[in-house]
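You will see two complexes here that share subunit A, one where it goes with subunit B and one where it goes with subunit C.
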Partner chain A sequence: MAKIELVDIAHSYDGGETFALKKLNMTWEDGKAYALLGPSGCGKTTLLNIMSGLIRPSEGKILVDGVDITDKPTEERNIAQVFQFPVLYDTMTVRKNLEFPLKNRKVPAEKINERVAHIADLLDLTDDLDVRPGKLRSDLQQIVSLGRGLVREDVAAILFDEPLTVIDQSFKWTLRNRLKRLHLKTGVTLVYVTHDQTEALTFADDVLLMRDGEVVQVGSAEDLFLNPSHEFSGYFIGSPGMNFMEATVTDGVVEAHGVAVGKATDSSLSGPHRLGVRPEFVEPVSRGGLDFSVTKVENRGGFQLAQLKLADQTIMAKLAPDVAIAEGDTQQFRFVPEKTYLFKDERAVGALKSTQSGVQK
Partner chain B sequence: MSLQLRDVSLSDQSGDLLYNISSTFEKGMNVLVGPTLAGKTTLMRVMAGLVAPSSGEIFLNGEDITKTTVRDRSVSFVYQQFINYPAMSVFDNIASPLKVSPEKPSKEAIRERVEELAELLGLTPLLKRRPSQLSGGQQQRVAIARALARKSDVVLLDEPLANLDYKLREQLRDELQSLFSGADNVVIYSTAEPAEALDFGARTFVLSEGRVIQEGPALGLYEHPSSVEVARVLSDPPINIVRSSQSASGGTFGGVSFSYDTSASKGQSEIHLGLQPHRIHLDRQDKTDVEFTGVVELAEVTGSETYLHLTLPTGEYAVVELDGAYPVDPDTTVTAYFNPADLHGFDVNSGAALFAPSRRGK
Partner chain C sequence: MNTKKKNNRAWFLVLPVVIVVAFTAIIPLMTVANYSVQDVLSPTNRVFVGLDFFRQIATDPSIIAAFQRNIIFSTQILAIEIPLGIIIAKLMPRQGWKAAAALVIVAIPLIIPWNVVGTTWRVFARPDVGLLGVTINQFRPFDIGNTPADAWFTMVLMDVWHWTPLVALLVYAGLRAIPDAYYQAASIDGASAMSVFRFVELPKLRRVLMIALLLRFMDSFMIYAEPYILTGGGPGTATEVMSILLAVIAVIQFDLGQAAAFSLIYFLIIQIFSFIFFTVLTLDQRPGPTPVKGKGKRGKKHLAEEPTGVTNE
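This part shows the complex of A and B:
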């Protein structure tokens, strides 16, 4: 168990012309679960590979408990990595696969048996120890890969590179559940790379949302959803993402498409902004709201998605399956105050103030 | 325009791959949904003419094309792993099927068609680039544009978005939907993801272990699955399935007895009850709600939703989907509620549906 620090880490694949990872300082607290989330090309895998030692960063250093390990090769770091595809020896049994990293390090046989039994127990693999991995379901193969990473006693962190990519939808739920429980049991630091928001949000204590080589926001799932500090958090988190509208603030009043939608929390705000509201916070009201025309309603099973129009702006509202709404209707909605944000240069600078307008249905 | 399969089966040395598939795919969007290894790609390869069925016939607009080779079928195929010619520009990639087509269109006609497709798929500013200079989503759009170039009668899209970012997938799904909503050709889109099938809301075919087990509009299948397998294929989070003892006046759920009309259980002493995770609540919504308890194994908070993974007193597992954040500690016992009107019933042995929720989300 250890504290891992990244100090002024940056990486360029082209000798400094462009940076796949821009300067980053980050401390990974011992025992926490982290996710690196972002679209492809955002630098998340580069960051992961720097931590595991597969890539030497062009700038900065990595410290584990204060010791500089930047120049240490992968095998000398006590950091394990689980890849997209299970990496296992199919000519060996699960047991032999688990023993392998220890045998390589010349651990005494007794100790090996003890560790393998412990890990098998932890991962519910005891019954599968004498079969070949190829005979197991893909999710169990990933569990075995994980076991290989965990079997060493001195593991400071386990890094996962999109480990659910090849796993069937229905098993993703159980595998994620197992990973999470394992984390609670072992307390080992986990860092998980994914472009799937649900995976990242459900897995991690803290999510690092990345874009273009930069960490845009770090926070819990709830933070990223409820308090996006950046437009990109609004866009990337949530499905569908946040609705954005051009808005102008004049004397504290926020106006979008010529319609006053509320007051700003910060009276010093003035001029053009972008207004962001999540589809979950476009709320039907019986009076005091804004008139929208309903242009489309889709029942997606667990929820309804309504397309609404305010002047020439189209926005989405996510509604419970039993809310009465029909295409062609004109209905009143409000933007839930304090959850509707004002952005300037992509950064959240304020929100709509809670004034009692609009009566919830 | 329609593609009709009559009793199509396929087997090879490894065993049976497709069983007696008799389905008709009409013009416009059709969705083929099923888990990995259900046979989606195999079925598409048979439709394309890349593999001949072991038995059965395939008709395109009433004409038997079973023996027509892939070359002579008017079919386009887009694979999960997008394939483009790396040495050609985006323009030449899209134009390539036109250049070799038997119709031998003029240069001018090719340019027009390529420009039209580029416009449709947002590729106009990228026509001079090489595929390697594009993002994954742009590359897949090029592959889709190439597949559409020849205006084939049948367009097969085999999990075309599976390798893309979540957000990009959302965006391309919307684009494909508007692209194909009024299509004259038969478009067949395969996916392993329930949300994707529900999102398209098109005519949907559920594939499981080489069989089409139910077909119809996506929402209809979600609400009225003909079997527990269909319910599973279309639910994410997975539908909760628990054993239930049945009596004349009610049944059990997770160790709790409650009364409801059991006439649909056909006198069976035990059935499986199905309950969608979002139909379980932590507070009573109605006086007819049934109260039960579970021990929280794990609470997953996504910000907008919380998934509670519960162990029921019977040892069975259930997942609850709640709006908002409920960070409940593991090992906490929670009281939860469901309404009998939201239950599905399935035969324990055959998995066939006995009843569906009587209360529908409006």
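This part shows the complex of A and C:
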């Protein structure tokens, strides 16, 4: 177990013309669970493969406890990887599968038996040791391939590359929780790649949100949701994502679609910005709000999803199920000020000031 | 009522296939079966002889010798072509123009007609002008026309040259179908190249190799044109395989009854061998008694585990 540092890591698959992974500095603290979240092709898997040594980064270096391992081959790194689908040696029993990495490293037989027994116990595989993994359910197969990583004592980190992709829907949740419990039990650093925000947010201590080879925000699930520092965090996290509208700031007053929506926290801001507010923070108010026309209401059981119009702009609002609202109405809503952000060049630069008088008619 | 109607229509849909199969396989085969049990003395005079022809064929020493030659030949070429095909496939480039070039070069022998192959090798093996014959002649006398071992060697070599590419291409396709993750996992596990072959590639090639083995066995067991052109079965009977003998009985001696009985026995042998191969090679992929028992046991365990698992976790 160790601290892993990425120093100025960047990778290009085409000799420097385009970068699949742009320059990145990151420290993976020992024992934490991280998620790499982002849409397909954002560089998550590239980053993962750089760490496991399957790809040599075009630039930068990787340090484990201060030791440079950039040029070390995969088998000499203390990193285990679990792939999108269970990768197992079909002709070996579960036991042989677990022994395999140790045997290749010439670990003495006694030690192997001890480790395999320990891991089988930890993963609840003791009863399945003497069957071939092909006969097991797919989520258990993933557990076996995880076991093959854990069986080495010196494992510094386990990398998961979308490990739930081929797992039956009904077992996904069970497996995810099992992984989480294992993380707590073993204290191994976990890095989990996924494009599913629920998976990432429930699994990890820290989520690295990626887009186009760049990490746009690092933070807890709560941070990404409540304090998006980048427009992409607002857009990608949450369902539906953040509402964005063009806004202009003049003398501290934020105006969108010709309507003043509030004052900026930072009075030095001025000029065109983008205003972002999550559907959860568009609140109905009895007075003092902005007039919206309601174009569509969907009852989704636990909440209502309303489609509102402010001038030409469509705004989504997530409302409690008991809020009285009907299509065709005109109602007053307000943007919860401290949760309404101003973005400039996609970066959050401020929010709306939390004052009752901030909202004008 | 309704269901019955639908069923009848379904039979009509099968009819074209039945007709095609009847004309291409069943009727010809029945004709052969018909000939095998009667002695055709003249177009108007035939005598039912029962299984006499079968008895004659099964006890004919020259046919038994030819059968043994077939077995030895098939065993030898399989023992060479399967490993050699795997080695070639492993050495072939995996991508780019080199991969395309390698595929074309490897595939060339496959597109040459059998009798052309025979002719080519006949010339190739000539001790006076053939490259192979002349080369070997530098070290020791080589003459496929007079030395049985030389003829046999050339026949095996010819088949290896002609058909190893088929095995290589099948294996190559099989290798390309293995997801990269398996290689990556093996490298993380610290597996040696030998282990990767043994535990990743070979198990994944299992089905492909089974197809290669079956195809090559059946084909080599029925081999005709190449040895017929190369040696005509000689010198003596050194390379006389069953198909050559069959052709002699059917076409030259025009003994239709014996030839028909021989054909059926031949056909049956290939069927039986193929069936044995297939059964043995797919043995542990079938739901046999042991795996089913194991599955049931585990299934129960998980049934008991799941509800608690879901609520607890």
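Keep this in mind: the second predicted complex is superposed on the first by the 356 of 361 C-alpha atoms of A that agree within 3 Å, B and C clash if a C-alpha of one lies under 4 Å from a C-alpha of the other, contacts with A are read in each partner's own complex, and residues count from 1 in each chain.
Criterion: a residue touches a chain if its C-beta (ideal position, glycine included) is under 8 Å from a C-beta of that chain, and two chains touch if they have at least 3 such contacts.
Predicted model, so just to flag it, every value in this text is computed and none were measured.
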item	value
Subunit A residues touched - subunit C or subunit B, whichever exceeds	B
Touched partner set for A:110, first subunit B, second subunit C, both or neither	neither
Contacts of A:101 with subunit B and subunit C, given as first, second, both or neither	second
Touching partner for A:154 - first (subunit B), second (subunit C), both, neither	neither
Touching partner for A:84 - first (subunit B), second (subunit C), both, neither	second
First, second, both or neither for A:222, with subunit B first and subunit C second	first
Which of subunit B and subunit C A:240 touches, first, second, both or neither	first
First, second, both or neither for A:181, with subunit B first and subunit C second	both
Which of subunit B and subunit C A:128 touches, first, second, both or neither	second
Touching partner for A:173 - first (subunit B), second (subunit C), both, neither	both
Overlap of the subunit B and subunit C footprints on subunit A, listed as residue numbers	173, 177, 181
Residue numbers on subunit A that touch subunit B, as the complex places them	39-41, 168-170, 173, 176-177, 180-181, 184, 195-198, 201-203, 220-226, 235-241, 278, 280, 298-304, 320-324
Residues on subunit B engaged by subunit A in the complex (per definition of touch)	35-36, 135-136, 164-168, 170, 192-195, 198-199, 201, 219, 222-223, 232, 234, 236-238, 276, 278, 297-298, 300-304, 307, 309, 319, 321, 323, 325, 330, 361-362
Subunit A residues touching subunit C - in the complex, by the definition given at the top	49, 52, 54, 73-75, 79-81, 83-85, 87, 89-92, 100-101, 104-105, 127-128, 131, 135-137, 145, 148-149, 173-174, 177-178, 181
Complex contact set, residues of subunit C against subunit A	179, 181-182, 184-185, 187-192, 195, 199-200, 202-204, 291, 294-295, 298, 301-302, 306, 309-310, 313
